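Listed next: structures, encoded as structure tokens.
What follows is a pair of complexes built around chain A, which joins chain B in one and chain C in the other.
And then the complex of A and B:
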């Protein structure tokens, strides 16, 4: 099973548009991070990918094939919420997976559970939130699936186990599996993912390889002599994704040509102009912050 | 999901097994209790020990061994022993000699009748008579009906936070649904079988059973199918629910019983009465409990038999149709449920 391709996906719940014209390509064998604020549409996208929700428009293909029972047999899924049967033991969950999937590796599942210090004899209701998440991760990883869809796979885990889950994700990718996962912790995504997409209000607002996004996007920062200054058309330049102005300080998010904007700010009288590299968290925050706020800031700072 | 459903069924079977063991223990305790009060047997032993008692025995032409005991107090006992066919013990004694005011009782296949006439009391005890096996099926079917109520929301249970596990299995939803229903049906039949075995064991504590199997085929069909129809109805009513399906399970019995009662009321000719009849009588035909009838009957109008077969078969067939319809409704709903 190769690339996962989502084409113009749209999913509504009554008047609420959960996912709107969402298109993603996930390269085979890669780790793909799906970022977005709460309610952005990440979980709905995953549900549509797995046939758990029925989209109104669009298509989803796994290696060029639509979702089918054969395709499902090659996908492992960790949902955002705990879906374990509270009255069943962890060992019974392992047995459940063994019976359901031919490729399920019971020994691997037990090994992973031991790594997370989870007693298989415990009932799910007696596990902490983090342990439940870890159990779901262990059950998914033990599938040796071609595709892993992981919705907040580190939710509730302590930092040590979060790191362990990230390592497992990277290992799965190294094995050849395609991993698509979401997380609120951008740092985790930055560590594990090669490609990301940022979803906001059901739409993709940013997408690409992490290294490319970081290389292309720069902050150009300068200080004007007074709070009254003009940007002389810089804000409306197509390469400027965002302008933040606070007092005499202005910060431009340039998607290209940072050096040129350094020169232009200096020509407008700004001093101390410099280029700042962005981390993924900056890129994410810039991508999902309200545009209206930006406009206000610019208007105020440009008086 | 099939495995999960089997675990659910297994838990229910455990509870049923515990209840049946308690029932057997109670039966055993009762057996020990009444053993102390084997009044007829004690009376006979007592009479035979009395000085002046006359005992005569004879073998009748049909092989029956007859023992006649007369004691000087006026007690006359006739015991007819027909071997495997059982015994008949007839005790005629002066009234007031025993303080038992029993008039009629049946314990398993033991039938006791007592009557007083003038200054004598006659007690007739018939042992090891036949037991209608359909009676065992009736009880088994009723227990299965009750258990069906508890098992009957498998899809709603999955909807309640487990769809991400249940519906990402490499199988179609219809296949998953049918396999789940199949496991529950098997569980209900195991419950019925356990109940039958428990009844036989309980009877063995008192006697060697001597079953009579007339009406057993349609009784078995009704006992096997009506609980499944009841299960299917509740499943259809809850298949798309994500919560609160327990409320449906809780009110199912009272509502179904109420509808049955309302369908049986002899309505008058008023418009309201006829309107009520037009609503409640057809509704009864959709109610699986309507078909939980174990008495032998045939459908006839004005003395003319409309249905050649015993009505028991018709009930079983009607319940089977409800199983198919309600199950289809449940599966069709569940196909469209979203996580």
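And then the complex of A and C:
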């Protein structure tokens, strides 16, 4: 019912390509994390998902259906830039939501605001950036929506409230809601998300289940007896995403089959061969860092 | 639930494997007794701030490994029949992982299989001195 499917999305602003051939599937009840540098296209993707921006190509489906008023009524959204009315109190925002959405849970909203220590009598203009974010999150969660789209839902929050937001996301997922969120903090995505996609320059450069990415992607490191050695085709193996060579040391980023590359490096005369686990931050940084520089080093190292 | 599990999401080890390893260790050490109830998937997910499906995956594998059993509607429990085997198997799993990693390390710094066997034999002799 609330499975999200984005097919080959493309959005341009004049000559600028904000999102290019972006496809993701978010299974119902799961948490999906969107990672990427600033300006990568995350917010544009969210806007297309909500009908706030119109893509030139591609489609977005919720449970097999295109966006409609009915579908939109089941989606709660926390935008990157909060959209509270500065002159209104928090309580007035709650009242406005109650009137706008028939499933809005006012008691839950009050409870969440209290958990974030937000005084509902305060005017929005008197809230800090973090408290504004927390207010938006509380209003979104109280919607009891089927789909939550959260753009940087922890920005400006202190570590305690960041953790609280993550737990709210987990709780929503356990309730059956489908959640897609973005964050600059890879560690948060690593905790809460089951699947992730890394977006860079509008394109997906890496996608998968967090556990699978960690289980499969490893650094295999070895030390050769001298600086002149051959990698015997390892560098061009499809499972090697990257090769870093420094002097006698070679580091392979294997996307699969690390054990096999350990054996192959040893067979080529490398010693001290070891496998290094990668956390999501490492995986993310490798995915978005330029590879051109590396290719030169490889050519040199493998002569 | 007296067992306090901790996970390190920033480690390169998948979180579900960390949960499996810690539950097995707790069973092996007797911290989790036969028949004892594990937290619900949702509760453990919230306690550890990790994805509920990750916890569910760990529980499914623990069930397949015969460490826990799940009664529909009642929750997950440490398997009560054959606790001895379960806990011995769990202990063996924990020990195997530790020894595997030590051997891999020894091999990577250039020791031969014979060198490593000698070191292992010496270590066993040292720790089981009373039985020798």
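The working rule: the second predicted complex is superposed on the first by the 291 of 303 C-alpha atoms of A that agree within 3 Å, B and C clash if a C-alpha of one lies under 4 Å from a C-alpha of the other, contacts with A are read in each partner's own complex, and residues count from 1 in each chain.
FYI, contacts are C-beta pairs under 8 Å (C-beta built on N, C-alpha and C of every residue); 3 or more make two chains touch, one makes a residue touch a chain.
Keep in mind that what you see is a predicted model, and the values were worked out from it rather than measured.
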TODO: With the two complexes overlaid on their shared chain, look at chain A and say whether chain B and chain C clash or fit.
DONE: fit
Open item on the list: Output check: A:114 vs chain B and chain C. Expected answer is one of first, second, both, neither. What do you get?
Closed with: neither
Open item on the list: Under the stated touch criterion, which partner chain does A:30 make contact with: chain B (first), chain C (second), both, or neither?
Closed with: second
TODO: Scan A:267 for contacts with chain B and chain C and give back first, second, both or neither.
DONE: neither
Open item on the list: I'd like to know which partner A:279 touches here: chain B for first, chain C for second, both or neither.
Closed with: second
Task: chain A: partner with more touched residues, chain B or chain C - done: C
Task: Partner chain in contact with A:214 - chain B first, chain C second, else both or neither - done: second
Task: Apex chain A: angle to the C-alpha centres of chain B and chain C, given in degrees as a multiple of 10 - done: 140
Task: Distance of closest approach, chain C and chain B, by C-alpha atoms in Å - done: 27
Task: Residues on chain A engaged by chain B in the complex (per definition of touch) - done: 47, 50-54, 69-70, 72-73, 75, 77, 79, 81-85, 87-88, 92, 95-96, 99-101
Task: Complex contacts: residues of chain A adjacent to chain C - done: 29-31, 163, 166-167, 170-171, 173-174, 187, 190-194, 210-212, 214-215, 218, 271-282
- [ ] Sort out for me which residues of chain B touch chain A in the complex.
- [x] 1-4, 7, 11, 161-165, 167-172, 336, 338-339
Task: Residues of chain C that touch chain A when the two form their complex - done: 9-17, 41-42, 45-46, 49-54, 57, 104-105, 108-110
